[in-house]
Amino acid sequence: MRRTVGLVLALVLMATCAAYGAQPVNIGAMGAITGGSAISGEQASQGLALAEEDINAAGGVLGRPVKIIMEDSKGLPTGGVTAARKLIFQDNVVGIIGCHQSTVVMAIEPLARQEGVILMAKGSADMITQAGNPWVVRVREYDTLASFAKIQHAVEQGYTKFAIFHNTDQFGEGGRQNLIDALAKFGLEPVTVEAHNTGDKDFTAQLLNIRRADPEVLVVWTHGDEHALICRQVSQLIPDVQYYGSMAVSQWSSIQMAEGTSEGVLSTSPYSYLNPDPDVQVFAERHEKRFGRKPETFTVLYYDSAMMLAEAIRRAGTADDRDKVLAELKKIKGWKGVSGIEYSFDETGEAFNQIFIIKIENQVPVIIDKVTVK
Amino acid sequence: MAELAIVLQQIVAGLALGSIYGLVALGYNFIFNAVGIVNLAQGDFVMLGGYIYGGTLTLLLGLPFLPALILTAVAMAIFGIVSQRIVYYPLRDAHPRMVMLSTIALGIFLKNISLIAWGTYPVSVPGLFGQRGLRIAGVSILYQYIFILVCVIILLAVQQFFFRKTTLGKSMRAVAQDRLAAMLMGIDAYKVIAITFAYSSTLAAIGGVLLAPVFMVSQVLANVGLKGFAACVIGGWGDITGAVIGGLVVGLVEVFSASYISSVYKDAIVFAILIGFLIFRPQGILGRATEESL
Amino acid sequence: MALLSSRQATKYFGGLCAVDNLDLTVNEGEIFALIGPNGSGKTTFTNLATGMMAPTSGHVEFQGTIVSGQRPHAITQMGLVRTFQNLRIFSSLTVLEHVTLGHFCRTTTGVWSNILRTKQVKEEEEEIRARAEEVLDFLGLLDKKNWLAKNLPYGQQRLLEIARALATEPKLIILDEPAAGMTMQESNDLIHLIRSIRDRGITVFLIDHKMRLVMNVSERIAVLNFGRKIAEGTPKEIQENPDVIEAYLGKGRRTA
């Protein structure tokens, strides 16, 4: 009897060790936790915390628990390289999810290629997947997709006079060029182009210059904090213009910050927490219960990326042969994420080919259309 | 007509921004006058005031505007005294450079503490007027902007009275001019300096409270400290009237250079003017020597 | 009765001894002078007595309380005040403001009532103003009470310093070279002024090396040389003391 009990205990212990005592599989991630775009990093961390829970609740991968290690890129190339080196050389991660800043992604991309580490980029600049780096995939809408979808939607509404207001960072400059290119496809040119810097608070001068040019549509390409303030100031200075914002403007937090002035604003986004899709709703509720706020786009994109990477490891049957993991990841087609998007990786590494048109109605982001390219 | 409305709109925005910069500049000048140092954490004090008012008192505790304003002012006054004790007092006999370095450290500390305490999301509070405003002949003016202007004017008047007429105000002026001589007249100079820090922090707090509804509160708000610094240089260090004039100049230059020169380099233009002043007119626009400035 | 006394007061600056085991006693109601060549330690002693420097050893007592090492403003509030050899007036304050500030340390109202300007504060300010005008009248500055201090002629700026010091209602005033830079006429007037200050019941501690002034006005004199007291006595005794003559005329070194 005593021997049986001992044997059972030993077996239980061994099984536990196998699942949880075993060396965990490390997945790296990075985002700006401090610095100018620190909000995005916080959103990412929340999504990753839930992903780690879910992966391990399902028994981890290959009988080993998964540990997601989030590093602070500070939103800067230098910070990103430091974070990537730590993740690759110290934590020996299978892949890195992030960063959400294109400049950071471009800075760490050569390191990923050199060390053979999967990079699941969250930057939207087109060049990320055009660098010919096989280790880079992107789980986010790319700028050409977002800009084309917006312009196409606006042109369909019958608008012809467009003004562009963009951030001067790489994200904004890329957006400006993409918007001009997209307009050109419809034989149009912007009536004026204005710019601002990250961290600017007052946009009166630029908005008045835009008012002089008398556009029907104002396309704003910038980040969340600036979007909220621009919405406020546009409602004062050019109340009649149709505002098309970038993804950030439809975020729950931006809508709160705009204090009602973003009503009627249109944007493109891979995500709205109001998407009636049950997968989206279950996740959104769970997130709100845990963190006291609705999930944002980066929350769900980081979450989905972690889930897909874990799945690729399972399918590859190894966490050490990263070539094999990458090959399995790129085979994923039609994967339904908690974002509501179906991801299908193509040969260039893009997971997106569709995006939602979102309108802020009664202070919530409502999906009014879905644009799919090709 | 439309063009006139646009120019008027630019002037309104420039004056509103400028009066805030002036308020921040006043905060710099009090400490400068009292102890001859530039408190390089002044912008961070504004941010902290904004966070206490917006993040804690308004959003967390749900206090109405006036109690929240008063509590913020009191909290920041106490904070001013404490930071004086930590940052200035131990170094009072050291070179002013040392004190300025320690204020930079305080600023970094405050930014990081606020990140921990209030997180990365900008704190957005509607204030008294939300985003409502007036609209006259195509010119739209936020009520909050008018409120800011009125508050700054009232503060200036009260301050002028305080320094000219009250004994405490006069002893602050005496300490500013010759600390030792003031002490030998029986004035407790360190108490007066502590009160000066308290007052300067209170000014920063009011700046934060007034700005929060317009610009939201985030770590970036501390950057108004740089513009306030520019206002001080342009107005002349230590000059109370100059600070406000300097602030208005910076605000107007910012808006007009953004409109007609370059919106991307507007800050660079402001700082180029600042450097110009430092080289060619270090005594500031009014040209009064600092020791006579109060 | 001793009002101010120092007991073995010593001050070193590095290896240099500025004040060396100095014993001094100033009695209430007298005009006492401390003289000595430049660098003999007179001003250093003043700094020790008024809290601007702490002694290396020994101490200074005022009314039986040790004052050396205390904060300057606290010493002023106890009734020991000084003027400066180099003028330290507040250039942008008016003459009247200087003197009312001097009275500040005698006020009883606090910071908050000051900010809120209670009735008590206003009454007190009125009283201070009256007293300040009396002091200005005493020094002949009343007609210039609204002048900015920096616009006064030099001699009157010196008087203003004295007025400011008197406004703190001291028991003892240390005048550090009050005649420096004064014209002959002003210097003569100063002799009368010093006497009338004493007649107000204030003990005068005069530091100067203008012999004519010191010998004329003081009742007791102590002489310092290299931080040490080399003589003490009436003006007549001092004038006849060979050590003093030697120190002043510099005829070789005094033999121990």
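All chains are identified by letter, namely A, B and C, in their written order; residue positions are counted from 1 within each chain.
Everything that follows uses one rule, which is that a contact is a pair of C-beta atoms (placed from the backbone, for glycine too) under 8 Å apart; a residue touches a chain by one contact, two chains touch by 3 or more.
All of these numbers come straight from a predicted model, not from anything done at the bench.
Enquirer: Which word fits how the chains touch one another: line, ring, star, complete or other?
Expert: line
Enquirer: With centres defined from CA atoms, tell me which chain sits nearest the overall protein centre.
Expert: Central chain is B.
Enquirer: Subunit A to subunit C: how many Å between their CA centres?
Expert: For subunit A versus subunit C, the centre distance works out to 75 Å.
Enquirer: Need the CA-centroid distance for the pair subunit B / subunit C, whole Å please.
Expert: Computed from C-alpha means, the inter-chain centre distance equals 41 Å.
Enquirer: Subunit A to subunit B: how many Å between their CA centres?
Expert: 38
Enquirer: Show me the residue ranges of subunit B that touch subunit A in the complex, using the header's touch definition.
Expert: Within the complex, subunit B contacts subunit A at residues 2-3, 6, 9-10, 13, 17, 115, 119-122, 124, 126, 130-131, 133, 140, 142, 214-216, 218-221, 223, 254-259, 263-264, 266-267.
Enquirer: What residues on subunit B touch subunit C, complex-wise?
Expert: Residue list for subunit B touching subunit C: 162, 166-168, 170-171, 173-174, 177-178, 180-191, 195, 291-294.
Enquirer: Within the complex, which stretch of subunit A touches subunit B?
Expert: 33-34, 36, 38-39, 41-42, 168, 194-197, 199, 201-202, 204-206, 208-209, 211-212, 225, 228-229, 232, 235-237, 253, 256-257, 259-261
Enquirer: Inside the complex, what are the residues of subunit C that reach subunit B?
Expert: For this pair, the touching residues of subunit C are 50, 52, 71-74, 76-77, 81-82, 84, 88-93, 97, 100-102, 104-107, 111, 114-115, 117, 125, 128, 150, 164-165, 167-168.
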